[in-house]
Amino acid sequence: MKKLLNDPADLVAESLRGVERAHPELRVDHENRILYRADAPVSGKVGLLSGGGSGHEPAHAGFIGPGMLDAVCAGEVFTSPVPDQMSEATKNIDGGAGVLHLVWNYTGDVMNFDMAAELAAAETDTEVQAVVIDDDVAVEDSLFTAGRRGTGAAIPVEKIVGAAAEQGRGLTELADLARRVNDNTRSMGMALTSCTVPAKGTPTFDLPDDEIEIGIGIHGEPGRRRVPIAPAREIAPMLVEPLLADLDFTSGDGVLVFVNSMGATPMLELHLMYAEIAAILDRAGVVPVRSLVGPYVTSLDMAGCSVTLTRFDDELLRLWDAPVATLGLRWGM
Amino acid sequence: MKKLLNDPADLVAESLRGVERAHPELRVDHENRILYRADAPVSGKVGLLSGGGSGHEPAHAGFIGPGMLDAVCAGEVFTSPVPDQMSEATKNIDGGAGVLHLVWNYTGDVMNFDMAAELAAAETDTEVQAVVIDDDVAVEDSLFTAGRRGTGAAIPVEKIVGAAAEQGRGLTELADLARRVNDNTRSMGMALTSCTVPAKGTPTFDLPDDEIEIGIGIHGEPGRRRVPIAPAREIAPMLVEPLLADLDFTSGDGVLVFVNSMGATPMLELHLMYAEIAAILDRAGVVPVRSLVGPYVTSLDMAGCSVTLTRFDDELLRLWDAPVATLGLRWGM
Amino acid sequence: MPGDAVDTAALQRWLRTFAASVAEQRDHLTALDAAIGDADHGANMHRGMSAVVAALDTAPATDPAALFKQAGMTLVKSVGGASGPLYGTLFLRMAPATGGAASLDPETFAKALRAGLEGVVARGKAELGDKTMVDALAPALDALDAALAAGEPLADALRAASAAADEGRDATVPLVARKGRASYLGERSAGHQDPGATSTALLVAAAATGLVEQDDSS
Amino acid sequence: MPGDAVDTAALQRWLRTFAASVAEQRDHLTALDAAIGDADHGANMHRGMSAVVAALDTAPATDPAALFKQAGMTLVKSVGGASGPLYGTLFLRMAPATGGAASLDPETFAKALRAGLEGVVARGKAELGDKTMVDALAPALDALDAALAAGEPLADALRAASAAADEGRDATVPLVARKGRASYLGERSAGHQDPGATSTALLVAAAATGLVEQDDSS
């Protein structure tokens, strides 16, 4: 393993020191591993909390700021944070209008956020609601399983709900909005290589030079199937067709097309993939109205990409376009 | 080689199709491989042109837009664009106040830009000046050699000159400003792995699992020396000490600290490096006043990082903070 | 059998033994998790059990309920992921089931463990056969109850429980996961041993070897 | 020796022969560039010479000056990098030196090549020993001039030039680069053959084999 770090056990803590030094617009509670918007709590605004394992940067801390999240709890690499972190953050971002937990659907995250909500309910009178983000069509959606993973949908959910929260909307309305964005979003990812978790020090899975994984997660989970390496024009449909089969993306006012790098795949390739994906959407009658191309929800040093489509209506588009000032997304301010 | 592409020979052309689809705020001339700010030429403003080989994304096209560049010429992967591209772009971004070429110091880039300026002088009455960016202290600065490479300095140069151009400053004043930023900037990079040039299909250099390269360039050029892999706290001084030895960074009003990913190195590690670097600067009495952390000037899929320091004065800081709206840097608008 | 009483010292031995085997099996647990999960189960359990041992060293609880609560809270606070809330809940739910006694008879200990299992199921919603830690824990507790009901001494009952946990762990291999991260793999999860069932088998084995003072008469 | 006259057809053969050997040596050129540069010299020269051949196929120039200009412009337009302007300038500077003749005598051809070399030096500022294409081209032209001055037929003179280019190329191996991308490596550039000197040796060899119609009397 070749990585820029000291002891793998200290990676997250030391990285947070750098975040604090580099970005005065964030406040860092090192003991609890919570990152806050510098001016949290914002009085009268619903507080938005997310978080999860580290290793997905710029998610999650890159989306803290005006127009998006108020705080984020950072776990160990690929490990959900613990309830104490979330309940502490919940207290500190409550501006009097309650706190919405935006939870990426993983067993660990859901359980830890549940326990945090129980703790918060026992200790404070902060009203807490939670919305689970689950957009990954690689995973069968079933009542008997852990359900779909939360991946790229977190970006439009957090962005759009963040904009609505700045408008002063209430907790229940925001929770409904979050579910609406999530319900209109689907994602699918692929890997050219495995990532290497620092504490393990070797790649999570072995992938021969002539094979790729389709339907991978963002934690080095292997995919649903392994196929021979293929040109981009053959890979794009493997990602896009399942999205189109799962939700009717022609019925909205247009879609956000989000092509995400898993970490090591450069923009040059992502943009080429974007062209392939746009061509498929053209043929399907789906109209891209906004785009996002780059490393937003990564999986350490994994090479590969994921595609996320969000069906917009007029309101979602307006909220997407509203000003935002975070490290990962910034416009209008 | 595992990459998301079709034929390596078509990578740049196909990627530009994706850039065009994804980013309507850019105008793409596919025949000449020129990317323009959608509203170029901006009347009365000096046009700012840069460019270079592809494979450094978001550089160069990611820095086109209000407050930064007007156009960029894209070459093949790691190969300077050709004079025709630059002279065509020069004509099309001249808003009547002349055009400034911001040239990264590589033999090919310098010669091609020179020829473009000769062409432009022969064919139009556009006034053209050129400033060469050369900040890489890994390379000995000598009259008898190709001189220092242009690397990270391009970002502050293009940002600051871009802001000044929006204020309506003249060509010569902007050229002087570009030289001033360049003169106040130093960079140094390292690699954990080589990149793989798609047309070659195998890594440019072999680096054993227990060694790293110090003083690398952004084209897969090997570095000045190879050393055993070391903890981040030992690597940081190998990058920062040479910068401090080359220019007195304590004498300004503070510095921009820019920690750049070569491509595959994730933010988690970059921020850890930032903390190590900030600690060295603290000891040296150098005051970081602004930061930039992320993949800005990459070398395809190379793992590693570079550090760039720019000594700010009041004016440079103000121009750095001025509004900018590009894919790679955006704030204030 | 009064020698079978489980006191705070015995429970501490159990936890320390479990921590030691997790430390020893850490890489194995992570390798299992790499195959069908995210390669952190060994690190997670090791972080958690190291914290539990550290708590025992600095502020040892003085009765079983306090000890379970301390272990459970420590795991919930330090582990995260799926295993943190699950193992944490297991111990947290054991606490009230002790009725505040300073020393537990085997039946009470078994009842507490079952309350823990119920907590795990309530928290994680896994059923037997979902390819989770429940597949090791549930058969272990059934074996424990049966052995105690048959009048066997605690040491023997725990050995039976440990054997059942191992069997349950092994039985996860052919299963298609329906809960936790391995469920994302669908059919591809078959053929791999569940990491959580593996650590749970270590927990039960630690009871068999650590809880009852090993002496020649046992 | 009137049979030594270099006409447009002969010059086309030269360019096509060079293009063919670049295509053949492409990976070798790139491998040399990988060691001390950026692994693209083979791709660059191949892209450029393929474009030159395509231009010859579609709109062949009808006199040497036009041919040199066409080749030079095509290289400048299609290659980029360092080699594009350098090889482009080489040919562009040969054009005026032909004086517009339809067929060049050996001395004029040699003079044109020297004008090309001067263009390369003016453009790139490299001196002999800087570990660049100049290290192959300059000795080749010296050998060519010397042989012609000694009254040797063009074919022999070109063979001497090619041998000198090869020697110049080989002599780049121990040098520390002072120009181009290899200069960034400092001392580490020593021990590697310069890619540009290697392609230039191919250019001169192509003259020796392609320019003069090979027949038994030669």
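Letters A, B, C and D mark the chains as written, and numbering starts fresh at 1 in each.
In this section, a contact is a pair of C-beta atoms (placed from the backbone, for glycine too) under 8 Å apart; a residue touches a chain by one contact, two chains touch by 3 or more.
Note that the coordinates shown come from a computational prediction; the quantities given were computed from them, not determined experimentally.
When the partners of chain B are compared with those of chain C, the chains appearing in both lists are A.
When each chain is reduced to the average of its Cα atoms, C sits farthest from chain B.
Inter-chain centre distance (chain A to chain B, centres taken as mean C-alpha positions): 29 Å.
Averaged C-alpha coordinates put the centre of chain A at 55 Å from the centre of chain D.
In this assembly, the C-alpha centroid of chain C lies 76 Å from the C-alpha centroid of chain D.
In this assembly, the C-alpha centroid of chain B lies 33 Å from the C-alpha centroid of chain D. Residues of chain D found to touch two or more other chains are absent.
Within chain B, contacts with two or more other chains are made by residues 77. With chains as nodes and touching pairs as edges, the resulting graph is an open line. Pairwise chain contacts in this structure: A-B, A-C, B-D.
Across the complex, chain A meets chain B through its residues 2-7, 11-12, 14-19, 21-23, 54-55, 57-58, 62, 77, 192-193, 209, 212, 229, 231-233, 235, 257, 259, 263-276, 278, 288, 291, 293, 295, 298, 300-301, 303-305, 325, 330-333.
Contacts from chain C toward chain A in the complex involve residues 30, 34-40, 43-44, 47, 76-86, 123-124, 178-181, 183-186, 188.
Per the touch definition, chain B reaches chain D in the complex via residues 53, 75-84, 106-108, 111-112, 114-115, 138-140, 144-146, 149, 197, 199-200, 204-205, 217, 219-222, 224-225.
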